[in-house]
Amino acid sequence: MSDGPMLFDRLRADCGQDWTDYIDHAFVRGMGDGSLPRASFEHYLKQDYLFLIQFARAYALAVFKSPALAEMRANLQGLKAILDVEMDLHVRLCGEWGIAADELERLPEARATVAYTRFVLDAGQRGDLLDLAVTLSPCVIGYAEIGAKLAALPASGDSTYRVWIDEYSGAEYQELAESAKREIDRLGGLSLTEARYPRLLDLFRQATKLEADFWQMGLDLAD
Amino acid sequence: MSDGPMLFDRLRADCGQDWTDYIDHAFVRGMGDGSLPRASFEHYLKQDYLFLIQFARAYALAVFKSPALAEMRANLQGLKAILDVEMDLHVRLCGEWGIAADELERLPEARATVAYTRFVLDAGQRGDLLDLAVTLSPCVIGYAEIGAKLAALPASGDSTYRVWIDEYSGAEYQELAESAKREIDRLGGLSLTEARYPRLLDLFRQATKLEADFWQMGLDLAD
Amino acid sequence: MSDGPMLFDRLRADCGQDWTDYIDHAFVRGMGDGSLPRASFEHYLKQDYLFLIQFARAYALAVFKSPALAEMRANLQGLKAILDVEMDLHVRLCGEWGIAADELERLPEARATVAYTRFVLDAGQRGDLLDLAVTLSPCVIGYAEIGAKLAALPASGDSTYRVWIDEYSGAEYQELAESAKREIDRLGGLSLTEARYPRLLDLFRQATKLEADFWQMGLDLAD
Amino acid sequence: MSDGPMLFDRLRADCGQDWTDYIDHAFVRGMGDGSLPRASFEHYLKQDYLFLIQFARAYALAVFKSPALAEMRANLQGLKAILDVEMDLHVRLCGEWGIAADELERLPEARATVAYTRFVLDAGQRGDLLDLAVTLSPCVIGYAEIGAKLAALPASGDSTYRVWIDEYSGAEYQELAESAKREIDRLGGLSLTEARYPRLLDLFRQATKLEADFWQMGLDLAD
């Protein structure tokens, strides 16, 4: 449609400081240099489990809303990745941190968890598949950017958060994020108009800020 | 976006024979020349009441999906028009045909009623507000075209269907249809791309065919 | 809650003749004795492919609506069964009948396909997970009953419809249907009240009639 | 179903301290004795306007989900009350506080606004009409309780928040809240089971806490 950047890169650039505040949040830097208090990471881990349950619902909604079979199958991959793979990894990681599996689902959701996940789900119900994909993307694609950034740091000597960094900087997750980016660009190619762009940017920016809040919740041990 | 016709006129033209089959259906011609069996009209009237209940739900969904307050208010007008005005007119018209008000809601929905209404509702849930508005439009705008066409016929001497024709050819309904048309054109101006058009045309065509089926159901007294 | 039958058996019994009309439809009997015209089966096969796409969306909706993780995973199994297994079987079966895979998704949906699938999807959006499961059940569980019934018939000498009968009478599908029945009974145990029952029966009956219409569409080669 | 309290009173009682924390929040007490900083009230007023837009969407969803015409009409009353009456009152009240009408819709939503409203909307999409009504009720009915409580206080000599107190303690709003309570009790009578109750209480408690957060946002001038 134009010679400019594809949709995701354009959103990311226009999100500006809000994107940086998320990607470079104190929580993230603390994982990188090992200074993040363990209690903060533990709180984050627990809430992230509850977060994944809602994100699985968002991918189920994406299957429901897909206009064609190919898109249904692609979104089913996302759904399976969460329910069949990521959550098991999470349960294992939580186990290493001494959090029992059967405790996880019964935890109360923190405000930041509610705010972000329900915002995504409603954006999907209110709009179309592109709205949903854009609102999901700060999480899906942002985590790959964060993982890669942290993996590139000189070793800090502290390996506490190594498993997390390895997971999100690993080839498998990086490819998953790349494919989410391609899908947003593809959907943008199909149905982006300039008149619609500001509303998509609003969704993207709000989701990005709610992701930053999620880090902050970990830091603050907020419920 | 282009010098061609606005969205609704383009959809109507591209729908071609399917549009004509609906607008010029034997049921419609029978209302025009008075040859339509009274039992067919009565069956149609009853099902149209059940149809309106579902259409009210579709307008409620449009309020829910509206991206901004102005659109919410506009769709609320549509919802109120159905629940506060059209259904009362319907109850009165049914009364004149000897159909008791409390009988109406308990009637079983005919297949054609189920097919059309649930198709519209699902198109709205699956897509965005433009998908929903396009899928609603063969009914909302088509009835105005049919009303105007029948009102322009030389008087047939038979006044059985005069009330129906007067309602849909009247200034109030014509203006309501005009404003629905403007809204589709406006939404099209905001978010139509050429890549998306074929899918919108599919929705429009399917809805148009399901409207023609609704006439046929009346003619056949089909349940 | 009572000593009476569990929810599914109760719905099935109260559905009465409408259930029999579906289970014992002429299309079904024609598969059993080999008298069903091949063109009817071919028409059915094609529409059933389009039907499965919408049913996959219904299972995705069930994942979205599930109140807890265990139910999300169970409904994901249903979704995967359709998208990863049943549709491939279907493509292979269609191939044996000379219907090319890439032709399938582009076929227009018949009225009966639209009516049934969109009714299910809307029942799910309008109500809760129990409403959705009940509305899906005439298909999921009825096919197992039909498969078992046909498999128990003395061999007719005609093996045209053997693959279909084997699939739905086979242990794998029978177990899938049993587990769907257990799930409805379990959901009923959690949230059935007598005041709610009539509405559930309405959903079940309407879905059963729309399933019978689907057979009739095959018989009539209706579009 | 039992001799115990009707559903709303039962939920309110079981919510315990969380209910008190909301009803008796420092923001509320500050309106009562006039000690609430004006900047806090102003911030609250602005966010409450954005809140009402989402609450109107929730009532539209209630119309969509209503199983029968009577419930659709009742929920339409709620929708009209917000879009046709409350928002105009709000614009007027904001005007008195020097907040221009056209500024309101463009304000960014605070986290607390996003969290509460999207939680309600998702609860409605995920469950049935009772889930939605229960999740809406801490706002609708709680405001009447707060209004009545503040109106019963001895005059503080400070009339800054008198208009707000008069509105929610007034006969019109009190009746609206009473009728919302009756509707929840009625829906409970139709479809409450003991097995379902804990999930409803979870929804009610979470909504109550998110309402308290909304007061806190005002107090903290939080974005």
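Each chain gets a letter, A, B, C and D, in the order it is written, and its residues are counted from 1.
Keep in mind that, in the parts below, a residue touches a chain if its C-beta (ideal position, glycine included) is under 8 Å from a C-beta of that chain, and two chains touch if they have at least 3 such contacts.
The structure displayed is predicted, hence computed values, not measured ones.
**Q** Quick check: more C-beta contact pairs at C-D or at A-C?
**A** A-C
**Q** If you take the mean of the Cα atoms for each chain, which one ends up farthest from chain B?
**A** The most distant chain relative to chain B turns out to be A.
**Q** Whole-Å distance, chain A centre to chain C centre, using C-alpha means?
**A** Once rounded, the distance between the two centres reads 36 Å.
**Q** Just give me the whole-number Å value for how far the CA centre of chain B lies from that of chain C.
**A** Taking the average C-alpha coordinate of chain B and of chain C, the gap between them is 31 Å.
**Q** How big is the gap, in whole Å, between where the Cα atoms of chain C centre and where those of chain D centre?
**A** Distance between chain centres, rounded to whole Å: 42 Å.
**Q** In chain A, which residues are in touch with two or more of the other chains?
**A** In chain A, the residues touching two or more other chains are 57, 64, 125-126.
**Q** Flag every residue of chain B that touches chain A in the complex, lowest number first.
**A** For chain B paired with chain A, touching residues are 64-65, 67, 125-128, 131, 189-193, 195-196, 199.
**Q** Residues of chain A touching chain C in their complex?
**A** 53, 56-57, 60-61, 63-64, 66, 68-69, 72-73, 76, 79-80, 83-84, 105
**Q** Which stretch or stretches of chain C touch chain B in the complex?
**A** Against chain B, chain C makes touches at 57, 109, 111-112, 114-115, 118-119, 121-122, 125-126, 206, 210, 213.
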